[in-house]
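Next up, some structures in structure tokens.
In the two complexes below, chain A is the common chain; its partner is chain B in one and chain C in the other.
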Partner chain A sequence: MTATAPTLPTPAPQDPTPRVREELVALRRRIARRATLVALVLVLVLLGLSLTALTVGSATVGPLEVIGALTGAEGTTSFVVLGLRLPRLALGLVVGAALGLAGALLQAVVRNPLASPDIVGLTGGASAAAVLAIAAGATGAAVDSAALLGALVAATLVFVLSGRGVTGTRFVVIGVAVAFLANGFLGYALTRASLTGARSAFFWLVGSVGSAPWGDVLRVGATLTVVALVLLLARRRLSALALDDDTARALGAHPVATRVVAILLSSVLAAVAVAVAGPIAFVAFVSGPIARRLRGSGPALATATLVGATVVVAADLVGQHLVPGTLQPPVGLITGALGAPFLIWLLVRGERRKESPA
Partner chain B sequence: MNAAPTLDLEPRPPRTRSRRPPRRRALLGALLLLLLLLAAVAVSLAVGARTISPGAVLAALLDPAGGSSPDTATVVVHELRIPRTVIGLLAGLALGMAGVVMQGVTRNPVADPGLLGVNAGAAFAVVLGISLVGITAPLGLAAFALLGSLAAAVLIGTIASSARAGSSPAVLVVAGAAVTAGLTSLTTLVLLGDPAALDRYRFWTVGSLTGRDVEMATTLAPLLVLGVLTALGLSRALDALALGDDVARGLGFRLLPTRGAAMAAIVLLCATATALAGPLVFVGLLGAHGARAVVGGAHLRLLPVAGVLGATLVLLADTLGRVVAPPGELEAGIVIAAVGAPLLIALIRSRRAAGL
Partner chain C sequence: MSPEPSAPTPGPVLEAHGLSLGYGRAPIVHEVDLRVRPGALTVLVGANASGKSTLVRGLARLLNPQAGSVTLDGENLSRLPSREVARTIGVLPQTPVAPDGIRVGDLVAHGRYPHQSFFRGHRSDDDEVVAAALEATDAGSLVDRRVDELSGGQRQRVWIAMALAQQPEILLLDEPTSALDVAHQVEVLEVLRGEVSRGRTVVLVIHDLTLAARYADDLVVMAGGRIVARGEPVTTLTEEVVEHAFGVRARLLEDPDTGRPVVLPRSSRQPTDARGAQSRT
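Let's look at the complex of A and B:
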């Protein structure tokens, strides 16, 4: 496995000839143009999906009526649209975006595409703690805090145990071990709960955006906004992490400190999303690789955020309308069943730049 | 174990000594493990929620039919403790050996039937059998478990044989996690519509030895024996495979039949273990690495010792689970996860130098 730096152009010689500089500028411009284009297309796809989500259902509502309801018309239609479909759509959007960003962020700072919150046990820790809380009868903010605590404990464990070699495969394998540990706790919580408790926990564990109070949407949305702002402010430090640590240090960045903060942010995002919607499988893992493929280069946090939202909304639509039978499988089942083969395909075929040596 | 270079003029011991544990020590280690297993069996029979004196347990054991008017102690020992001891013994043995075969054939130190999703395949098929076809007979369930783990094993084998995944433990482990998660999604899909099956499943899936039928053990024993024999028969081929594909071919082993036979052994062992005790993770991993530390890398010795170690592990975990939370009990699978995950982490950390 070669450890080529991501597609950042190789450092130019000290006095680049004008020609080289021109080429660099052109390359940057090309990358930026492609990023804008991809973002635009994704936003259009999201708009299309949103419109579908608002119009299609057991009662079909025309696009014009949807717009009417959104702009304040009264009646049953507007109850269906505003009361039922819009919250579900909004929750899908923010949860998907949060998971996508959490995954891409972790993958970027650990420099390993396998290191996503759902693989290395962050969502596992959050789920185990949340189910323990649910089994103990907690609701709302208490479940949120439990999930956050669980994710942070798991993140700390993985980070401390993998020691100085935070990048590379050790982080991933230790993370998988932590995930299995969390799974053991989860099993314990499930067997201790009453049958009804176990059943509701079991539903929750699948990951669903079906019940969506506006408070949940706001909580996830607010967290997402804050984290995104912090990342935007720190984007130079983050892109320095794409180089190896020594180079980053030479450029004046503090790779270890940046990484700790980034892992923290990723845990918070993942935990908030999981507390509200349950551990929706694979969204955090696949968003980064999909975004990188679309972009063709570079760490693509913003693109991954959009991809995450698209994946969750699309999977929820599939679950609601395209699966035959009366049982409407929650979104987590769809992403789990479709995500696993995709992930395996990714692993076997591989991305061009797959792994940095440990 | 590297001796510092010294200046004495005595002949140096042969180099092989430092490479693997000396024969005497290996034999001693194996014997100790066997004793440990016997102790684990004894403890598993003697300890439980109800306190029964060792004498009463012994009396119950020596009284095969349970007598004409059996007392409580006899009933507890015969109906509860003997079945779960037998089942723990068999499941642990099978998983320990399966771990060795799996690590040998993939040449990957993190291979474990639970970690790589083979047990999840068996679990999915069993749930499918219970819920959709309504099968309850042990043999039918075992057949489903066999099919499920076969499918998962073929899938994982294909992934592991791709150059990238096979060479990197991390990629293989993540592929295993993906297989597990995907199969769990499908299992959940089946269970969501079937509360009764869910109730049974949540206890079965953590890996527990309670409430299992000893009839299951007798039905599945032939399959288990077949798996054990296949694995032992493969030991020389696995030794050769450890040296690399080319060397193995040069030594006269054909790769495809060897891999196929190894797959068959893994499937037989894992499916019976999962049908007996539910999907247990980490037993294969711990058994294989523990055994390697004691007797070195030769598979003919490695396999039985790993089996003994796996059985000991499951029995001790089960017994521990019975006493830590007095009125209720902790399932063996949970105890093993709590012990196994830290050990996996320790293993990874100790292999720092080996480039992991």
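Let's look at the complex of A and C:
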């Protein structure tokens, strides 16, 4: 019998059971192990897809030749691999990763799986502004800036208008309204553009990683790295946001400030990805749910980043090689065609789960 | 089962001074003065919309005062760093939401948030505190379970464990028993009673007057955003007070085991002061 310490806090000090402690440690290990395993598998899948993307094509290049080209051998093979296939693959990777992270982040901080940048009008805002810019003849950094501005305006509108309902249906409903509004602007911009301007804007709008200057890859990659680092530093704050706001505040967290910064980061990521590749449909939306399913729980941001990259690279491969016909459909059509059924499946499954308590 | 083996040093003092609280322009809580008794179990009761939940939110600094202030050991709560407050005051809101698919052990570990920082991550003594909190709420066997698969009573005990893992000296709970059947209500109240006997200060809102009278050291009755009666349950809870606060006639009997009042509602009655005051706000 030990005397209870005069100063409080440890609860139940008279009965410390090591079993519960061990179970807690084991639980944490299991969660960490699953995260590592999922990441490992996704990286392997990405490696496999990358190798496929570099070898398969109108001119088949053997894996050894690919490695040769990557390590500095000269020749036409090197041009095909380094000049054509690698930039496309790299852009697909960074754009997919950026969209996956942007989506999962937004879904996490407003605690709503429907709240992804493509549904609540962030990509819509970016697209409308970018198309306005493209139709006006802008290229490169000007399109980027326009897209960023458009995404931020849309994000501000949705955030401010949803007020206290930011974690409820209100956020999504207002977001959908903003998306329609952006779509209106976009249509207007297209009708005002010249025929060639409208045509290039249209191809951009479907979402494509086909044309890939290294500058684009670097811009998206750098943004992704910075945002990922910030999120890594702030991961404690983000984890508190997984709880409702009252509980988070009761724990001493600042959910509203964290959310504002997170929405900002998500907008920046989505805008940069959209500016170079167009609004590739559904990637931001599906990556989070897939990642959470793989991990079992949690915002699973790192996993969602990898899932986003996987989805875009895989969809681009499908578009390039598995769709019959001479014109390769841009990646945005493939992700849309796969994403829509996935959304339906997710909703139907969710309903079933609610009906039958497992 | 010896009650209160040791009398620890009295905990920090949480006080409301002329506290008015509300969401719009019209306050829901009007100029309330309240000194929460350290080391005691305080129960707030009152009709719906009488302001008891709002008062708890104010005391927990989840809602900023429209007028007046809340102090912790004399210091204005809204000027203290939120992490520091979170290490002293634990709060269980009315409807806390757990992340999808989260396991009990993982959720309760969130309670360590105010003790951790960027430089001080999860440590093994955190596990010890979390384990002790789970034990204290009799949830030690639930570590691996998914929170969304728990029964209502289990879930409530897990949430209380999360608040206890904060190691707060004061614990505020907004209707922790509302969704529970009578057995689970008693179970939760016994857990809280246990925390009080360990020296913690507990404030909670409940609806069941008989349970409130049975478990409270200090009973606070609210009506129309004001405190209308306060003190020991035996002297505070009278037929007049019940009628005034709830607008219902009631017979009060004495519990033969505890001597505490048992409330038997009789019939509702036309509105007088209490209801009139509410409808005007």
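Note that the second predicted complex is superposed on the first by the 333 of 358 C-alpha atoms of A that agree within 3 Å, B and C clash if a C-alpha of one lies under 4 Å from a C-alpha of the other, contacts with A are read in each partner's own complex, and residues count from 1 in each chain.
As a working rule, contacts are C-beta pairs under 8 Å (C-beta built on N, C-alpha and C of every residue); 3 or more make two chains touch, one makes a residue touch a chain.
In this text the structure is predicted, and so the values were computed from the model without any measurement.
By the touch criterion stated above, A:P329 is placed in contact with chain B alone, chain C being left untouched.
Touch criterion met: A:Y188 reaches chain B, while chain C stays clear of it.
Using the contact criterion defined above for the overlaid structures, shared-chain residue A:G163 touches chain B, although it does not reach chain C. Once chain A of one complex is fitted onto chain A of the other, the partner contacts of A:A198 are limited to chain B, with no touch recorded for chain C.
In the superposition on chain A, A:R29 contacts neither chain B nor chain C.
The interface of chain A with chain B overlaps its interface with chain C at residues 358. Within the complex formed with chain A, the chain B residues making contact are 110, 115, 155, 159, 162, 164-165, 168-171, 173-175, 177-179, 181-186, 188-189, 191-193, 195, 198-199, 202-203, 205-206, 281-282, 328, 330-331, 333-334, 336-338, 340-342, 344-345, 348-349, 352, 355-356.
Of all residues in chain A, only 112, 114, 119, 161, 163, 165, 169-170, 172-174, 176-181, 183-185, 187-188, 190-192, 195, 198-199, 202-203, 205-206, 281-282, 327, 329, 332-333, 336-337, 339-341, 343-344, 347-348, 350, 354-355, 358 touch chain B in the complex they form. The part of chain C that touches chain A in the complex is made up of residues 5-6, 8-9, 11, 57, 60-62, 82-87, 89-93, 95-103, 105-106, 109-111, 113-114, 116-118, 122, 124, 127-136, 140, 143-144, 149, 163-169, 195, 198-200.
For chain A in complex with chain C, the residues that touch the partner chain are 3-4, 6-13, 15-17, 19-21, 23-25, 27-28, 31, 111, 233, 236, 239-240, 242-244, 246-247, 249-254, 292, 296-298, 357-358.
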